[in-house]
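Here the structure comes first, spelled out in structure tokens, and everything after it is commentary.
Every chain is named by a letter (A, B, C and D) in the order it is written, and numbering of its residues begins at 1.
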Amino acid sequence: MENMLDKKIITIVDEMQDDMVKMRRDFHRYPEPGWTEFRTASLVAKRLETLGYNVQTGSDTVNKDYMMGVPDESVLKAAMQRAISQGADAEWVAKMDGGMTGVIGTMVFSQDGPTVAMRFDMDSNDVWESKEESHRPYKEGFASVNDAAMHACGHDGHTTVGLSIAAILAKLKDSLHGKIKLIFQPAEEGVRGARAMVENGDVDDVNYILGAHFGFKMKKTGSVACNVKGFLATSKYDARFTGVPAHAGAAPEEGKNALLASACAALNLHAISRHSAGVSRINVGTLTAGSGRNIIGDKALLQMETRGGTSAINDYMENEALRILKAAATMYDVGIKIKKMGGAAGADNSPELARYIQNKAESLGIFNNVVGACDFGASEDFSYFMERVQKNGGEAAYIMVGADLAAGHHDSNFDFDEKALGYSAKILTTLAAGLLQKKQ
Amino acid sequence: MENMLDKKIITIVDEMQDDMVKMRRDFHRYPEPGWTEFRTASLVAKRLETLGYNVQTGSDTVNKDYMMGVPDESVLKAAMQRAISQGADAEWVAKMDGGMTGVIGTMVFSQDGPTVAMRFDMDSNDVWESKEESHRPYKEGFASVNDAAMHACGHDGHTTVGLSIAAILAKLKDSLHGKIKLIFQPAEEGVRGARAMVENGDVDDVNYILGAHFGFKMKKTGSVACNVKGFLATSKYDARFTGVPAHAGAAPEEGKNALLASACAALNLHAISRHSAGVSRINVGTLTAGSGRNIIGDKALLQMETRGGTSAINDYMENEALRILKAAATMYDVGIKIKKMGGAAGADNSPELARYIQNKAESLGIFNNVVGACDFGASEDFSYFMERVQKNGGEAAYIMVGADLAAGHHDSNFDFDEKALGYSAKILTTLAAGLLQKKQ
Amino acid sequence: MENMLDKKIITIVDEMQDDMVKMRRDFHRYPEPGWTEFRTASLVAKRLETLGYNVQTGSDTVNKDYMMGVPDESVLKAAMQRAISQGADAEWVAKMDGGMTGVIGTMVFSQDGPTVAMRFDMDSNDVWESKEESHRPYKEGFASVNDAAMHACGHDGHTTVGLSIAAILAKLKDSLHGKIKLIFQPAEEGVRGARAMVENGDVDDVNYILGAHFGFKMKKTGSVACNVKGFLATSKYDARFTGVPAHAGAAPEEGKNALLASACAALNLHAISRHSAGVSRINVGTLTAGSGRNIIGDKALLQMETRGGTSAINDYMENEALRILKAAATMYDVGIKIKKMGGAAGADNSPELARYIQNKAESLGIFNNVVGACDFGASEDFSYFMERVQKNGGEAAYIMVGADLAAGHHDSNFDFDEKALGYSAKILTTLAAGLLQKKQ
Amino acid sequence: MENMLDKKIITIVDEMQDDMVKMRRDFHRYPEPGWTEFRTASLVAKRLETLGYNVQTGSDTVNKDYMMGVPDESVLKAAMQRAISQGADAEWVAKMDGGMTGVIGTMVFSQDGPTVAMRFDMDSNDVWESKEESHRPYKEGFASVNDAAMHACGHDGHTTVGLSIAAILAKLKDSLHGKIKLIFQPAEEGVRGARAMVENGDVDDVNYILGAHFGFKMKKTGSVACNVKGFLATSKYDARFTGVPAHAGAAPEEGKNALLASACAALNLHAISRHSAGVSRINVGTLTAGSGRNIIGDKALLQMETRGGTSAINDYMENEALRILKAAATMYDVGIKIKKMGGAAGADNSPELARYIQNKAESLGIFNNVVGACDFGASEDFSYFMERVQKNGGEAAYIMVGADLAAGHHDSNFDFDEKALGYSAKILTTLAAGLLQKKQ
């Protein structure tokens, strides 16, 4: 490694390692589901402000019309109170009213360089964290204290890395050109948050955007995948069927059977034809129907998702699914309300940026395994950012930073090797710094 | 039995027994499916004319708009030619163009009596007659010579009885008052023909109407059921689904799957809720779909029927069924054409007429078992005649004349004890003659 | 009315009316679901003891092997504690351990008479009672204080009537012969409790058994139906499907889809063929399946019931249903556990006893409307008692005592005219007293 | 083009063009479905014999145990007679008894060279050929004279090319080494014939095998695709369900519904989960069920196929499908017989052979468009030959020879530009001749 700036960054990150672990464990202890990341986001905002960033939150970061799957007002209020009781910054929390918990920190280095963005997600999963002795967070006392919430996908680490990068870039600001935008996104789980930020124009001025995830297919600390392919476009829907109850023995013909409508929908949704242009997916994940054994099933909630190897394939799946849901309701003469709960575009890394990343990863000399192409095979709403930036002529890429995992993602025993925090901060900061060298 | 007229009738019938057997066997040999009864109907018309009846056929007997399930013109033409080659009366056949094979023979005895109607059905079943030695019609040489057609429901006998009654009433005309209408109906199978006659006004002037069937629940020669209840109202539909073919390997998503639409319809039709007010039935009897193993199923024909213990219940079933069929087409984005192929109303005997029948049956002293109420549990389009006559203030009844059976109705080995021909002629003629005693 | 004993009974009941209202309201306030009727049953037992009855409870009244749908031990324990805190008799509660809350009070009048039994049910419904001002129990302060429990089917009144009859018969004991058995049954809702008592032999010595219900098809106070027909035999089942979860995007083929298995079962269960011998019913009342939108549905609970106009028809439905459930599991390669949760036989009143009831109801002169046959069209596990007593050569009957209703049975606004308590006590006591006049 | 042998071959082919057109049109006029190619195969055999080839047919070419979807004996007999009446060679036909219509022509050039095989398919499609004036075969008088049979996939051309190559190689025999095997395969449609030849050991001695198809994704005359990828493995099944008929009105519960079993199977087959490892396909192509509208559907025939991007994926699909079919039968308590009707392996061209082909195609200088990789996306039982040869250490490849098409494959208006015959003969003969230059 001959690049002096990269060398400097690596040294700084090494010095920050202990602080990063502490910060990650603090976030881990107080997990917050999508759109309720009041504690996390307020601490992020406050820290960015302290570091000298211009900080935006609330309706300056998300377009309300595109917020999907937002909890009820009462849930939001309770979450705000809990956040404050758990150490949130009350002033910042107040600005996030309505669940608008996005945070963007911007720093302008010069007028003659590119705008580089990085995105970090902050939300937790709907999982009860393990209380087994073998589970390190529990054993070492930083397991979740919030019911039915757990950082089981590493977003606590992502947020930590984001704040570390913020600190380093601020420190190096005299060596940089252009502008950095650090985007802290709510509600990545359920792929709900990215679109609301994109539709707010948050990345309309961006030339390069980078995203990263711990683990997934890179299950060893010290490895990195530079060109993640195969983001599946996806759409999430809830369908509520409303029928009419009736006594199943005395007057079954008076009922309108929402339970059967939903069962019929489930079967026929799964029978949507495969697509010859690439990967397609359909899943009815949950079905909850009926009021009692001897009552004609008068209501049903069906939660489903479609996916596609491209946005076009997902559109096909989505159109088929919506028609089937409505026809199933008609078939049983019941009402239906369909609500979009989330979605992500399909995407691929910009080839030049992918090559830049691979060169950087190899030149740093810190990774023991630098992988080129790596198939993702799942959905991530970072794809919305990629799609918008690429559409505007910019470049976008997503990398995977290897980490030893205690269990799979979304598992109640999930945990990752915290040394990966450093690897992630090193590669992302050097990538950003490199891009911010370019004068335009 | 003290009634002299009845005594006389019984004697005449006994003398006619051999002729009836001959006539029935002739009709049996040349079975003709619904709307193609050209040979049968032309022989009926000619015979009625000979007996002195005023005879109507063709559009004077059926309302074309209500003829359901009529074969194509080419089929009709071929049937007319075959009929003539098998001994039909060509002049009468010509009047039955378009399948209008109804025949009505009317005789006026006096102006001061009631109008009494009797109905006889003439069509055969879509069954290949047995060629087993144990099957009497085959053994004795009067089995069907027409492919895929057989008198497997006794209509050959009904027609024979009708002509015998015609002869006796003509002979007794001086003893009778009022008017007799002998209605020979096409297309009872599939319950298609009666409505076209009723909607032509054929029974609008009728005070009493009688119908009869051999066998069914009366499986012993010498028995009779006087009050047949529980005619099931019924509706018959054909649904044709039209999709788009596509190669199942190379481009399945380009297809529109009519096969799956029809399969989905079949399942959900059978899941229509039972009705607490009485008997309901649904049956998808045939399903023929697809063009080849490796082609997305681009077309389907589904043949179904609904039934109900009352017309209201059948209406419920029919409405549910039609909605489900359309929704299944929508679900798979395919076209659908639904065509009504037949139907019958629900009905019950007029109580006074039922009592009159039971008294007559008992007074004749010829039956060894006179049953009062008897549950039908099936459909017969005679119910349309009953409904119309009763609606106009008249009385209607349907009886079952017992007969030893060789096999069940519609079976390729069906045959009945021909002694039942005489029993039927006796009870029906004495019933009619009794009613035609009344002066109004 | 010339019968002096009946006259006396009527006078006594009239004097008890206010006490009955008080008692009914007390029971109403503390509703207890099936197998947790600790407060109700212990107060019943104590009262019967006070009145001089020989009292049995616990395993002396129910056969544990036939107790269906019993809550978990922890639920039972909590219910026992709550009962005591709400005024139950702790000593009697202790004897009802394990949910064995049946109570039988026996009094022997003489050795030379018949054994007459009456059955009263005690359990409440899983309904949250209305808090609308128009709802009398709420307005007058005797609405349920227990969450998700309400006497919405009048069993509070049945129990009250049972204790009133106990008091009167005890008072009249010198005028009576034979033996009276007053059976207070748990868990009628879900038709779970009767069979456990029958299989304990509770009615093996009984010559006559009577049951009664308020309201239902008799919706006017002062009316009574003497011959309730058409008890539907029924069976209740829970089916638990167990599959294998998998990520719906990354590896759907690794899942075993219990959700689809249950949906498939639901549809095909409803498609079980109608039965020509009489009424049949099927209902999948609830379906709860899946673990998350993006997880292949790994588990499902389906709650269903069958019914039949006769036990044979219900057996047919049950056999079909069990086969379909298992085949659906096989189809999706998932596990299944099927558990019987309840059931009732079909039944009809003994004709002689029905006539006796009608004569008595008419002779009393207190009813403004005495109805003979009345179709029930639902299920009641009293049919198990009827079946056993009739099988042993005894007679059984079930009557409906009319009552003005504020809302339908099982509705959160259900309430009945308390004057009906008196009507019920009068007819049942006079019926029992009449039977207990017979010397054998 | 410097290669003198290639130059010579091209000249010869150009001289043969008119004869090839004549031959193709003769084959086109007498299309014969799989296993009934008696006329075609006997003419092929005779011609090969004339050219000096050692010729095998009948059981010397196919393993009877692996012949799938063979017509009934009576159909075979009729086809043999028709073939002879249409100009077949009766002696050769006699050797093809039982539908064993495979023909192999072998010529040994020397002992020191490789064994090169080429495969040509001979069967026609189950299509009625167009009688529109715009359809050249009809207009020019060489349209099919056989009912329901048409060369709608170009096999008439394939056979013609095969015989042309046979003639050229025979003429050039002194310039060649090793051995040539020209395999004329029956029953490619339905992917039935190849396996029976492979399992007879027909290619066990083969070092190189080549196959070719007109058109498909190469829709322009003068183009060629050298490396066809993505043969889908496939399995074909017929499932026959056998139930019990019953009158749908009078006794529906006595039926066993094979129609609903097949409909249920169809829906659930299409709901088999997608596979994350690659392409999967399922198709129920035809469904024929039931006996009459008012009869419980007592029988059903379901024709289906699975496919997979690899043999492993197809195995997964096949296993799922077989389980579902059986479970659907169990669900409706009906019998089922499942019969394998065809199948093909997945396959890919041998990389070295693919490169050789591309070099040859480019060096010839006759093609205006030489395409490298081309995705097939369908099934071809040539894959069985490929699999076997590759397994034995040999090389295999399949090419597509471009042709202007009048309509898509299997369409009743299908026709192809006959200039493509020459292109195909040129590339295949030069490829074979090149391989036969190698001394071993």
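By our rule, a residue touches a chain if its C-beta (ideal position, glycine included) is under 8 Å from a C-beta of that chain, and two chains touch if they have at least 3 such contacts.
Just so we're clear, the structure is a prediction, and the values are computed from it rather than from any experiment.
Participant: What's the chain with its C-alpha centre farthest out from chain D?
Facilitator: With centres defined by C-alpha atoms, farthest from chain D sits C.
Participant: Per the definition at the top, count C-beta pairs in contact and tell me whether A-C or B-C has more.
Facilitator: If we tally the contacting C-beta pairs, A-C comes out ahead.
Participant: Go ahead and note the Å separation of the Cα centroids belonging to chain C and chain D.
Facilitator: Using C-alpha averages as centres, the distance is 69 Å.
Participant: Report, in whole Å, the distance between the mean C-alpha point of chain B and the mean C-alpha point of chain C.
Facilitator: That gives a centre separation of 50 Å.
Participant: Could you work out how far the Cα centre of chain A sits from that of chain C, in whole Å?
Facilitator: That gives a centre separation of 53 Å.
Participant: By residue number and range, which residues of chain A touch two or more other chains?
Facilitator: Answer for chain A, listing residues that touch two or more other chains: 250, 252, 257, 260, 264, 267-268, 270-271, 273-274, 276, 281, 296, 377.
Participant: So in the complex, which bits of chain B are touching chain C?
Facilitator: Contacts found on chain B: 267-268, 270-271, 273-274, 276, 279-282, 377.
Participant: For the complex, give me every residue of chain A touching chain B.
Facilitator: 250-253, 255, 257, 260, 264, 268, 271, 273-277, 296, 316, 320, 323-324, 326-328, 330-331, 333
Participant: Where on chain D does chain B make contact in their complex?
Facilitator: So the residues of chain D touching chain B come out as 126, 190, 232, 234, 236, 247-250, 252, 257, 259-260, 262-264, 266-267, 270, 281, 283-297, 300, 303-305, 307, 341, 377-379.
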